[in-house]
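Report on the following structure.
Here the chain labels run A, B, C and D in written order, and each chain numbers its own residues starting at 1.
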Amino acid sequence: MFTKLSEVKVLRDPIHGYVHIDLQVIWELLNTKEFQRLRRIRQLGGAFAVYHTAMHTRFEHSLGVYEIVRRMVVEIEDLNRSLTEYEKVCVMVAGLLHDVGHFPYSHAFESIVNCNHEEFTQRILLEDTQIHSILMQHHPSLAKDVCDIINHSHPNNILTQIISSQLDADRMDYLLRDSYFTGTKYGQFDLERLLRTIRVKQEQLVIKESGMHTVEDYIMARYHMYWQVYLHPVARSFEVMLQCFFARLKDVYLHQPEVLKGITMFDVFLQEGTISVEDHFLFDEHACNYGIMCLRKVSDPILADLAKALLDRKLFGYVDASKETMAYYKKCLEEAGYDSRYYLRYDQASKKPYQPYIGSDIYILVNKQIQELSQTSNIVSAIVKAEVKKESLLFGPKELLQGF
Amino acid sequence: MFTKLSEVKVLRDPIHGYVHIDLQVIWELLNTKEFQRLRRIRQLGGAFAVYHTAMHTRFEHSLGVYEIVRRMVVEIEDLNRSLTEYEKVCVMVAGLLHDVGHFPYSHAFESIVNCNHEEFTQRILLEDTQIHSILMQHHPSLAKDVCDIINHSHPNNILTQIISSQLDADRMDYLLRDSYFTGTKYGQFDLERLLRTIRVKQEQLVIKESGMHTVEDYIMARYHMYWQVYLHPVARSFEVMLQCFFARLKDVYLHQPEVLKGITMFDVFLQEGTISVEDHFLFDEHACNYGIMCLRKVSDPILADLAKALLDRKLFGYVDASKETMAYYKKCLEEAGYDSRYYLRYDQASKKPYQPYIGSDIYILVNKQIQELSQTSNIVSAIVKAEVKKESLLFGPKELLQGF
Amino acid sequence: MFTKLSEVKVLRDPIHGYVHIDLQVIWELLNTKEFQRLRRIRQLGGAFAVYHTAMHTRFEHSLGVYEIVRRMVVEIEDLNRSLTEYEKVCVMVAGLLHDVGHFPYSHAFESIVNCNHEEFTQRILLEDTQIHSILMQHHPSLAKDVCDIINHSHPNNILTQIISSQLDADRMDYLLRDSYFTGTKYGQFDLERLLRTIRVKQEQLVIKESGMHTVEDYIMARYHMYWQVYLHPVARSFEVMLQCFFARLKDVYLHQPEVLKGITMFDVFLQEGTISVEDHFLFDEHACNYGIMCLRKVSDPILADLAKALLDRKLFGYVDASKETMAYYKKCLEEAGYDSRYYLRYDQASKKPYQPYIGSDIYILVNKQIQELSQTSNIVSAIVKAEVKKESLLFGPKELLQGF
Amino acid sequence: MFTKLSEVKVLRDPIHGYVHIDLQVIWELLNTKEFQRLRRIRQLGGAFAVYHTAMHTRFEHSLGVYEIVRRMVVEIEDLNRSLTEYEKVCVMVAGLLHDVGHFPYSHAFESIVNCNHEEFTQRILLEDTQIHSILMQHHPSLAKDVCDIINHSHPNNILTQIISSQLDADRMDYLLRDSYFTGTKYGQFDLERLLRTIRVKQEQLVIKESGMHTVEDYIMARYHMYWQVYLHPVARSFEVMLQCFFARLKDVYLHQPEVLKGITMFDVFLQEGTISVEDHFLFDEHACNYGIMCLRKVSDPILADLAKALLDRKLFGYVDASKETMAYYKKCLEEAGYDSRYYLRYDQASKKPYQPYIGSDIYILVNKQIQELSQTSNIVSAIVKAEVKKESLLFGPKELLQGF
């Protein structure tokens, strides 16, 4: 049904050895301007401020997710047998395109500016884009079905699980990839063995009992990556500083628009009105960072100061947060002449290694029955009962808040 | 005090890059016949029956432990400052020699034959050996002090902790090394970071709070290595078969000694009377395995059968054990003509990832105070409360007990 | 003389494990805006078009070079002994800052626009910058001496060799780093062993004879990285397309400046007049790429087309070049309506693995005498005599020039 | 035709990730006593005397060769298409069994004792062994055809090339494996890419032109492994000492057999008369090394001395050899009371990286034509013309011949 390439194309990848492409539709999607744009959106937010080599992009990650999905539907016997060719293509495309709607610094950006990358992923699939056009050429319902998989609304639950669940191709790729590119070892787990132990049972992806320790290891890998990389205080410092920056940018736009004269890349996101997929396409990390560079020189001292701090990595310091400290530091800041709306942020991070019964449990196949992971694993059972680790920090100017 | 080599000698090692030797005494100890014998004692027992590449020896491991100790006393500022040069040499030598008393297949061998590798380590240090002679040449109390460190009776508690505690150089090396040589990834942890976060406080090795996640990771690495490698059912199958073999060997020696005519390497261990350090020296894995090879052809069918099974890897099968199954299989075996004393074994494995308050806790330095690990880490706290994972198996002839 | 940090700072790095910083001056240089800018200049030119993970930056590489230099002056006994503390600091700073003058896409950019990154490296050290200011605070002649080392004009030849010779810290880092981030294995060589075999003899860095095979391996690693990565036809396709783009940009600027209205980041480089270090600072890869993004929509069809092609990776195809093919394809292009000044490029690549007697030979220490490498190594001697591998390609629109 | 296992069996392997077994015949061969014996024959000779972790065995290597062959016949399209299922099984079995006839320390052993491992590989396939019996059960001509492939007499030349040529599965596995287990990096090359570029043309395995640099890299990897590992002077010292030992053993057996009373494992190889496959089976490295252990205590001082030296790693020293030095050292030795027949050995090592036109050239596919490698590659062409590196050494007692 779907055209094969005359020769399998392989892209070298440090995580997977090679990414293998044998379908015309995948190759064409790769070469769209919307997918190529992902080369200009980095995978991690502020983590590069801690791990200086973390410059990898959503492009690489998207290829990696595709490759894991491809291997799953080929190598996992239960999937290879039960999925139709069309379903296989749908889920591989979903893996490839699931992040296509991202903005630069999505997390901070979306918290201030009113937009949403999931919505844009969907719109890029369905509106007038190169991606949409290619999907339509290859199959009339492909765009819709891929959309449904990404949105968790596809009738075949297995397809959704492959892309988005507690043990999906997305997480598998990013743990290994973020680990490699940060140079940490915490995210390593045994992908080969995991893939070998996946089965399908009762329309669920499940893990053979002999793979349980591999899953435990995967869960701990994920947990450690959260605390050592994604939620590292310095990474969060960069993120909250970005939030302060975007908040000030918005306020300046509303109240002193003349300050921003000649700096236009943010306009469409700051003004009222809809944002087109073309607007989305044009706003990549280079646009955003060049904007920040231009803002170094504007007359608003707060905006200029935050712009410089972001580019020159003069990040906020931090202290453990409590009601008292918050009030205390607010006062300190104001006495020192800072506007605390843009120079003080409370940020709470918390993370459980694994949480059962929230709709995407991990299941283990024990004597042909499926059990939720924490029923089978002593370790996971214990961890589920553990108090959630929380870290509440207050971020602000380093000369006032020590911490580094 | 201790002579330096004119040039640092380096031995290439896949785990540590290089092992560095700059002291004459270390170099001379390396070249003794007792230390070179460790090249002929493999590190792992039956694990090679699961992971075919696990052929590494106690020689390599001993060098690795030495290298970690060397780095600890040089690179950990608190140790470098507080230990005397003499203490540093003592603990490096202790790291090098802590396993020198091992027998081939120590675990199974010692369970049947009345001897003990810890005792022999001590005797090799103190009796008439090449090692003893070199230690005495370099310092009159060196042999005694190294012995005390290995025996946990040295007055400086720190030296003992470096060699033997829940976070010692021994475990650090073997997890990484066993992981490398089995080709599994479970034993990996971040040695560099761990070494960087060790401090000395109240005469204890402690870990800075920023290293806590690394310790959690190390503990899980250890736990997974236990279940995936050391306690793997097939590895245990080899071990219990060895026990059956040695038990039969002993019984044959006592009751039908003529069967063993011309096969002499086991004699000294089977007869009454003391075993000399020279006897110990001569009994390496090659002697033991050649003995097993010779026993393939003896007239006692049980001994010959077990010898063949060990060499040709025709291992016992296994089933989950319970009182009922035990009685049932005993009956089956006897009906099938097997002597259940040598063909049926119950084996229970259990392992906690970490157990506090047993005398060698791991301590974390939190705000200049030391806390036992499970007080600080939510994860470890939870795990400590977990039910202990136990696996009770019954091993016997595969045609009766399925399991592989 | 130079202030030490109260605690050694370590930055995690996948190539070196950690980058170690113990001097105040290094730490302060790291935190200048000019050095942080290197996070926004990628290390490789068009190689990311072949190896999609090659997103690493000159920031990471500069830290890596610094780390190798640091290890050299500490671990190589001959250097540790013979260099003064001041010289050690000079050469470490030189390692850190040697690339600070780079432009985005330096190679292509400088071939069209009249500027030069070596000149800017020097100016950033000597003019009014944060870097200059810090250097002056720490030592009045530091800026000048670092400059001299980078420019090959320092009286102590050894310092220059460490930074720039056939076997310098720069090449050592980039081969390993580019290899890691592309996911290829060609650039791997044994850095540990190389460092261990370096000696100083007759004011030269030389390699002990026992390290000769390591050097041979290094030379071949370099050679293979050239052909497999740096000179890969697809990487060169990106580079020549950039040249065409910049050439057209310049011509449009000169003849139809109104086309570029509102797109200002290139102006200072296109117009007559001097470029300040601040101009240099502001022009990073984000500025450049945002400029290219804006040019997608300009009225000049050639410029808009090349801008799109660069961002969307619609690269030129290529064929083997000869006089005849050149003329033939020129004609084809023109018939197809292309302006061959911007759509056809001849590019010759050639690379010897090693070339002796060009002023920065590699020397081997044989029986206390130094010999140029090709005198000692049969392999290198043979390779030196080999015909130089050349690859002359003609690049142009893929529908006319097949090749991918 | 050949029975498949109900489930693919996978054996973890650090080089290949997993070894995959899906055929009943392969699984049964693995479990024969003759194949399991390879666990007791190490892969490298004296290299462990330099690289202490080189304890890996011919068992692991044989599995690795099988796995590469399996991948070749499945993944290389030209092979998958052109070979019959029977041929595929033949060549996989040949890969698995090609080393089954090896002796402990084959090289030194065969140089003194009159036997030959190639002959025994053949006999084990064809005579009354477990291996033979299994081969016959699965196909009447399998034993014969596997034998022919290993002996280079099979009519299908491709099958022979897969097992034994300049670019065969055997070399591919041992370079990577020896590199991993010694901890050196010299033997690394890009196996994945090599496999991807193999084609069949004119009944030859050939390499696509785009794989030429990978082949160059492979050739250099091989060359460096020779000089850094296989031909390392210390490894050769162990080998020549073994030769001296076996030579003395033979002379003592012939002239003073009473010295060897009770030490029987060497007998069958020292006396006249044929050696059976069962004799071969019984003589593994453990038998040999236990024999050497027993010989430590015999009354012949030379034999006892050499036995001790081998086990305790008191290896010969060495000097560069020439006619004059040879005569000089012979005299020295004799004056010092040594018997130079057993204490002085001349050993010449020489190795070309690649030699064309000797019957197993490497071919490159250039524009659909095949060219011998040195015609295509400048580098290889140059290397072929290089003077052969030779290293002639004289080995003897270290107190007389310095060199370490």
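Note that contacts are C-beta pairs under 8 Å (C-beta built on N, C-alpha and C of every residue); 3 or more make two chains touch, one makes a residue touch a chain.
Computed from a predicted model, the values in this text were never measured in an experiment.
By number of C-beta pairs in contact, C-D leads when A-D and C-D are compared. Farthest chain from chain A, judged by C-alpha centroids: D.
Averaging C-alpha coordinates per chain places the centre of chain B 31 Å away from that of chain D. Between the Cα centres of chain C and chain D there is a gap of 44 Å. Note: centroid distance chain A to chain D, computed from Cα atoms, is 50 Å.
In chain A, the residues touching two or more other chains are 184. Chain C makes touch with chain B in their complex at residues 10, 17-18, 192, 196. Contacts from chain C toward chain A in the complex involve residues 11-15, 17, 31-33, 36-37, 39-40, 48, 50-53, 55-57, 59-60, 63, 180-184, 262, 265, 282, 284-287, 289-290, 293, 308, 311-314. Across the interface of their complex, chain C is touched by residues 184-186, 188-190, 213, 216-217, 220, 223-224, 227-228, 353, 378-379, 381-383, 385-389 of chain D.
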